[in-house]
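Labels A, B, C and D are assigned to the chains in the order they are written; within every chain, residues are numbered from 1.
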Amino acid sequence: MGCTATATNRAEELLLAFRETRRFTEKLASPLEPEDCVIQSMPDVSPTRWHMAHTTWFFETFLLRDAIPGYVPHDPAYSVLFNSYYNGVGEQFPRDQRGFLSRPTVRQVLEYRRAVNEQVEDLLLRGDKLPDSLLDVVEIGINHEQQHQELIVTDIKHVLSCNPLLPAYDAALLPRPESPAPRGWTEFEGGVHEIGHEGGSFAFDNEGPRHKVYLEDFSLRNSPVTNREYSEFVADGGYRDPRHWLSAGWSWVKQAGLERPLYWRRHEGKMREFTLGGLADICGSDLPLCHVSYFEADAYARWAGARLPTEAEWETAALPAPLLGNFADVGRLHPGGSGSAASPTRMFGDVWEWTQSAYDAYPGYSAPSGALGEYNGKFMCGQFVLRGGSCATPAGHIRRTYRNFFPPDARWQFSGIRLAKQLG
Amino acid sequence: MGCTATATNRAEELLLAFRETRRFTEKLASPLEPEDCVIQSMPDVSPTRWHMAHTTWFFETFLLRDAIPGYVPHDPAYSVLFNSYYNGVGEQFPRDQRGFLSRPTVRQVLEYRRAVNEQVEDLLLRGDKLPDSLLDVVEIGINHEQQHQELIVTDIKHVLSCNPLLPAYDAALLPRPESPAPRGWTEFEGGVHEIGHEGGSFAFDNEGPRHKVYLEDFSLRNSPVTNREYSEFVADGGYRDPRHWLSAGWSWVKQAGLERPLYWRRHEGKMREFTLGGLADICGSDLPLCHVSYFEADAYARWAGARLPTEAEWETAALPAPLLGNFADVGRLHPGGSGSAASPTRMFGDVWEWTQSAYDAYPGYSAPSGALGEYNGKFMCGQFVLRGGSCATPAGHIRRTYRNFFPPDARWQFSGIRLAKQLG
Amino acid sequence: MGCTATATNRAEELLLAFRETRRFTEKLASPLEPEDCVIQSMPDVSPTRWHMAHTTWFFETFLLRDAIPGYVPHDPAYSVLFNSYYNGVGEQFPRDQRGFLSRPTVRQVLEYRRAVNEQVEDLLLRGDKLPDSLLDVVEIGINHEQQHQELIVTDIKHVLSCNPLLPAYDAALLPRPESPAPRGWTEFEGGVHEIGHEGGSFAFDNEGPRHKVYLEDFSLRNSPVTNREYSEFVADGGYRDPRHWLSAGWSWVKQAGLERPLYWRRHEGKMREFTLGGLADICGSDLPLCHVSYFEADAYARWAGARLPTEAEWETAALPAPLLGNFADVGRLHPGGSGSAASPTRMFGDVWEWTQSAYDAYPGYSAPSGALGEYNGKFMCGQFVLRGGSCATPAGHIRRTYRNFFPPDARWQFSGIRLAKQLG
Amino acid sequence: MGCTATATNRAEELLLAFRETRRFTEKLASPLEPEDCVIQSMPDVSPTRWHMAHTTWFFETFLLRDAIPGYVPHDPAYSVLFNSYYNGVGEQFPRDQRGFLSRPTVRQVLEYRRAVNEQVEDLLLRGDKLPDSLLDVVEIGINHEQQHQELIVTDIKHVLSCNPLLPAYDAALLPRPESPAPRGWTEFEGGVHEIGHEGGSFAFDNEGPRHKVYLEDFSLRNSPVTNREYSEFVADGGYRDPRHWLSAGWSWVKQAGLERPLYWRRHEGKMREFTLGGLADICGSDLPLCHVSYFEADAYARWAGARLPTEAEWETAALPAPLLGNFADVGRLHPGGSGSAASPTRMFGDVWEWTQSAYDAYPGYSAPSGALGEYNGKFMCGQFVLRGGSCATPAGHIRRTYRNFFPPDARWQFSGIRLAKQLG
C-alpha cells in the first residue's frame, strides 16, 4: 500500500518534472528563427530541431514502445533519423549529416513533441499501474533532456558565431562588467576519502559506486580563472611557447593556428568575445573565463605554476559548498552575475571546471544491461572529466558527484579553469 | 536620337526581362519551407536562400554601386557574405560553409530582393540616361540569375535527396511512363565548319570568337540515351569492369563504391529514382537518363561501341534543330514529356549532353577586363563542355553556341548522354 | 675520497653499460639489408637507420656538446635531422617524412656512431672529472637507447609485414608450438598500498613520486591471454558486435575494417601470424597473444566477463614476482618459450600488458626542467599505461614501476592482455 | 623471303636497341647508393629499384610469358609487386606504398634484370622464328623502358631534394651560367594543316591517326622562357595576384603556400635551385626555366601578355626543326649547354613545353585491344599535353608527334614554358 502510494507520488512528481522540462526546452528554442534550427556548424553541433526531436524520440523509443501495447510510432522514419548513438536500438542517421535535414520542419517537430507529451502524460496520470522500471525511464529521459537543453544553448551559440553578421540569440543577454571575485586559496586535508554516488536517488551509472580514494593534502583556488587573468597568459605569448603545452595540445594549437579562446576575436583593435547577447567587450573583464579546452586549461595551469585538480579532489572540496550558482534557470546564459555570488567558492554553475582526471570507470562499475547501458560506459576513453555545471546547465540537473566529460580539444561548452596546488 | 530611342527600347526590354526573371526565381523557391532554404548538402550545393541573395548581390555590386552616386548598401556585411568567387571585388565567405548561415532569414532575403529590385527598376525606367555599359550589366545580371535558377532546382533536389524521408519538392511533379523516342542515327558531313557566337546579341564571353574548325564525317544518335538503355549497362556489370572506364573514372567508381546514377536507389526490390516529385519507378522507363557524370557517360559510350560527340560536332549538328524543348518554363522539371516532342532530335532541353571536349578557350579568346572578366575564363581547366540545356534551364537562357561546363565527376545537374560515331 | 671512488666506479659501470648497449643496437640491425634500414611504413614507424642515428644524436646533443668545450659536431645538419621531438633543442625534421631520407647511408650512420662512441668513452675513461649531472645524462642516454632497441624490433617487423613477399628478419626465429601455461587466478587484498619509484637508483621521472593508493580487493589471471583464447573471441563474432567495444574502439574497428590482431592473416585457408621468423601457424597456439590495441584488449576482457587491471593493481601484484622473463636478450623476439617459464606468473617479458589506467601524472609529479624534461610529461594525454616489458625489451631496462604508454589504437608493439576481476 | 630477311634484320636491330636501353637504365642508377633506390618521396614518385624491376616485369609479362611455352616466372610474387596499372593483367600493389618495400633488394633486382635479359636476347637471337606481334612487344617494351629512364632521373631528383643535406646525384653535373638564347618570335600561317603520326614506324597509339586541323595564324617565341625572365614574374608578385591564375591554379597556390618553382629555394639570402649536381646559383641565369606546373606556365603567359601554344600549333611549328637537342644521352641532365645550341629554335630537348591542349583522343582514335591498350587511352582526362622532350628524355625516344601528358599541378618533370601569340 505505502509502496503504491509512493509509486503514485513518484509518478506525480515525475509528471511535474516532465512538464517543466519539456516546456523549458521549447522556451530555450523560442528566440530562434526556423532557419536557425537546422544548422550544423561542426560535427559536434546538432541542430536545435534535432535536439527537440531526439529528446522526444528517447521517450517514444524507451518508454512508449514498451509501455503501450501495439504502440503506433508517430512516424516510423523518425526511429533512424533521431537515434543518436544507440547501436542496441538499431541504425542511426550519420551524426555529421544532421545539418542536411530540413524535414521534419520545426513546426512538425513541435507537433511530434505534443503528440508524445500527451501519451507520456497519460501514462503518468494512471501512475498506479506503471512499473518502477518505466518510471525509471521517465526519470532518465528527463535527465537526458536536460543534458540536451545545455547542448541547445552551446550548439546555437556555435552556429550563430559562424555567421559574420554575429547575430545575438537574445540581445538582452549582453554581459556587463562586474567586480572581481576573491582570489584566495583553500587548503584540504588528504587521507582516505569517499567519493561517488551512494545510491538511493537518481544518478547516472558512471557516478557510482561510492568508493574510497587516497588523497595527498592539496589546495584549491577560491574562484575560477577570469578573462583578465587568462589575458595575461595570452599576452605573455602563451600560445606560442611549446613548453607550456602537452604534446598533443601543441600539435592542436599549431595545426589550427590558435591564439585565443574559442569566442574571443579582435574587433576594431580591441579583444572582444562573442556571447549569446552579441559581441561583448572583454578588456579587463573579471568574469570567469569560458570556452577553453583541456589543452588550454592544462597549459594555463602550468604557466601559472599550478595544476588542475583531480576529480576526487574536486568532489572532496565541493562537499561543504551549497549546490547553488548561476545555472540555466537564472536565464543569464553567461558566467558571472549575481547568480555566482550565491555560491561563495563558485564551485557550482558559471563554468564547467576541467579536472586532470581521465574519464574512466570507478572501481566496481559495470554498465547497466540493455540499450540504456550505452549511455556512459562506452565513452570511457580519451576524455577528461569536468565538474560543477555551468550557466547553461539546468539547476535541477547537477549533483556533487556529477561527472561531465569531453575530449581534450573540445571547447564549445562553457568550460573554464579551477587551479589546484600540492601542499608541502 | 535614334540611338537614344534604341537605348530606351533596350532599357524597356531589359526591364521586362528583369521583372520576369526575378519573379521566376521566387516562384521556384515558393514550394519550399524556410528550413529547406538554408541547407548545403555538399560543397557544390548552395542553399536556396544563398542563391536568392547572391543574384541580388550581383545587381547591387556591379550595377547599383556604379550607377547611383553615394549608393548606400542594403547591408554592408552582405558584400562578403554573398560574393561567390569574384576575387576582384574582395573577400568571399568560404564556399563550403554557406550551410552554416541561418541569417539573413528567408524573409530578410526577400526584403533585400525587393529593395534592390526597386532601385534597379527605377534605373531602368529613367532609361534614356543609362549608359550602354550599365545596360550590359543588367543583361549579364539577368543571364547570371537564370543560371542560378537552374542551380536552385538542382541544388534543392540534392538537399531533399539526402533526407531519408525523401520529401518531394512538389508531389504533382512525379513523372509518368511514356513511349520511346526514335532511336536512329543522323549523318553529318565533315570539312571546315564555323562554330561559336558571332556577336551582335548577348552571349557569354566563352562562346566566341566565331572560328573555323575542321571536322571528319560523323553521325549522332537521334535522341539521348534512356533509362532503359542505361539499365542494360548496369545489368551487364558496367560499374564493375575497369575496361570501360577512364583511369580517373575507375578510381572514382571504386573509391565511392558507385553502382548506378546519382538518384537511382533500390527500394523494396525495385530500382527507383528520386525526382522532384518524389520517388518514381524507373523499371523500363523510356525517359532520357539523367544525373550521370562525364565518367559514366564516357564509360557507357565505350561499352555501347560509340563515343561522345565533340562540342564542334554537336554545335554543327544542332544548327538546323529548332531551339525548342522541355525547359524549366514548362514546369515539369524532369526530362521527357510533351516538351521534348517539340524538338524532333531532342537536342535542346531535357538533359545537358556531355561532350568529349575539355572546356577551353576558343582561338583568339581573351577574358574581358574587370571583375566580370572572372566569369568564365578562369575555369578553363579540368572541366568538360555540356550542350543543349535541360529541363531545369530557363528557355530564354539557352543558345546553340551555349557552353556549359562541369568537372568529370559532377552529376547533380540534369546531365545525360548523346552518342556519336565516326563514319567510314 | 669515497665519493670520488664511487664516481669513478659509476663511470666505469656506465662505460660497460654504454658499450654493451651500443653494441646490442648494432646486433639488432645486423640481419638487415641497407634497403631495409630506410623504410617508414607508417608515421609511427621510424627507419632502423634513423633509430641508430637518433640515439647517437642524443649523446652528442645532451652530453658531448655540454661536456667538451668547443665541441665540433660530427655533421651540423644532423642536429635537425635526428631530433625527434625536443622543442627545447630546436627544429625537428617532420616525423612522418623520416622515410624520405636515404642519406646519411647506413655506412655513414655507423661511422657517426663510431665517432660519437669514441668521444663518449674518452669522457667516461677520465671519469674522475665528470660531474654527476653528466653521468646522469649517460645513464638516461643508455635507457633511451634501450627504448629505441625495442622500437627497432617492432618497427622493422611492421616494415617487413607490408611486403607481400613477407620476408623474415631472421628465419631461425620461427616460433614453435608449446604446451599451455596454467590458467588460474590469484587474489590480492585491497587497502592502502604504495606504488611508484622511491628514488635512489635510475628511473624515469614518470615513475615517481612513490605515493599511496587505495585499492579494493581484486584478482588477476596467472598468465596472459593466449592466441587460442583470443581465437574464440574472433570466432564468436567479437569484431562484429558493438556491445563489446568502447565507442571510439567501435569506430576504429569499422573504419579500418578490422577482423583480427595486427599480424594475423588468413593464408591458404588457415589463420597464420607474421613473425620476425616469417609466417607461422597459429591454429591452436598456446603462446601469449600479441599485437592487440587497447580497444581490442578492453573488448576481449568485456566479452570474457572480466576487465583489465589498473596500473596500481598490476604493480601491487607484481611485487613478489621475480624480475625474470622472456626479454630481448633471450633473442627469441616472440612471446613464449622457456624464457617465459622463468617467471611463474609470467608478469614480466613476453608481452606488454595493457592496463585500464590512462597515462597521467602521479601526485606531486613535476617534469624536470630543461630539454630532457620533455621526455615523459608532455605525453600525459590520450594514452594508456602498459606494464611488464616484452620479448623485445632489453632485460636491464625494465622495472616493477616502469610505465610504458601508447594511444588506444596502437598495436605494432608486442602488446597483450592480462585479465583482472573485482572480488566480492 | 625478303620478308623473313627483314624480320631477321628487325630482330637484330631490336636486339641492339634492347641491350643499349637496358644498359642505359643501369647506368642512370649507377651513382646511387642502395638506400637511395627504395625511397618514395611522394605518390607520383617511384623508387629507382621499382623502375628497374617494373621495366623488367614488362618484358616478362608481355613477352616471355607469351613467347616461351611453359615459362616459369623468375618470382611469382613479382607479377603483383611490379604491375603498375594494368588492370587487364591482374592485381597491383598499391602505387602509393611502393616506398614500403625493401625487398627484393637492389642486388636481387639486378639479378632479375640479368635473368630476363638473357631470355629476351635468346628469343631475339633466334629471330627468324619470332612473329611480328612479339617483335612489336619488344619495341614497345624498349620505348616503355625509355619512359621510365626519364622517370628514374626526375624521381631521384625529387627524392634527394627532400633531404635537408641536399645530396647531389653527381656533383659533376652542377650547371654553369651561359649567355642568353635569342628572344625573337617566328610567325606561322594558319589554314588546314595535318598533324599526328602517319604510321609505318613505331609510335604510341595516342599519336595517331594523322588528321586535319584548322589553325589561325600564330607566332611562337624562338626559345623557352628563362630563369631570369621568370624571376621578374616572381618579383612582380606573380604568386600573390589571383588575376593571373586559373581558378584551380589559384587554389593550388594558396593551399600549398607556393612562391616559386619546385626546386628554387632561398639560401643564405640568394635564390638558388636544387639540381642533380647539387644546389646551384640561379640569380640572373639565362638557362631555360624548368619544374613549373601547367598552372604556373599559364599564369606566366597571361602575365607576359601571351598564351601557351596549342599542341597542333606546336607540332606545325616543329616540322622544319631538326630533331636535335639537349637530351639524356648528352649526360647533362639539366637544361642549357651546348646540346641546346644544336637546335636553333630549341624546340627539342632541354624542357618539356606545356601546351594549352587538354590531352584527348585524336579523331578516329581507338585504344588497341588487350592489356597494352591500357597504355594511353585511359588517361585522357584532366591532363595537359607537353611537347618536345627534355634533358632527361633519351634521344631515340622522341618524335615530332610525341604527346607527353601530365596533370596541371605536376612539376617534378623538367617542364618549362614556350610562349605563343595570336596574330592580327
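The rule is short, and it goes like this: a residue touches a chain if its C-beta (ideal position, glycine included) is under 8 Å from a C-beta of that chain, and two chains touch if they have at least 3 such contacts.
Please read these numbers as outputs of a predicted model, since none were measured by experiment.
Participant: Going only through chains that touch each other, what is the minimum step count from subunit A to subunit C?
Facilitator: Step count on the best path from subunit A to subunit C: 1.
Participant: Measuring centre to centre, with centres taken as mean CA positions, what chain is farthest from subunit C?
Facilitator: Chain B.
Participant: Roughly how many whole angstrom separate the Cα centroids of subunit C and subunit D?
Facilitator: 46
Participant: If you average the CA atoms of subunit B and of subunit D, how far apart do the two points sit, in angstrom?
Facilitator: 38
Participant: I'd like to verify one number: the distance from the centre of subunit A to the centre of subunit D, where each centre is the average of its C-alpha atoms, in whole angstrom.
Facilitator: 60
Participant: Looking only at which chains touch which, which shape fits best: line, ring, star, complete or other?
Facilitator: Here the contact pattern is a ring, one closed loop where every chain has two partners.
Participant: Kindly provide every pair of chains that touch.
Facilitator: Applying the touch criterion to every chain pair yields A-B, A-C, B-D, C-D.
Participant: Can you check the complex and tell me which residues of subunit C touch subunit A?
Facilitator: 85, 87-88, 192, 211-216, 242-243, 245-250, 294-295, 298, 307, 356-358, 360-361, 363-364, 378-382, 408, 422
Participant: Contact residues on subunit B for subunit A in the complex?
Facilitator: Within the complex, subunit B contacts subunit A at residues 33-41, 49, 77, 80-81, 93, 97, 99-106, 159-160, 162-165, 167.
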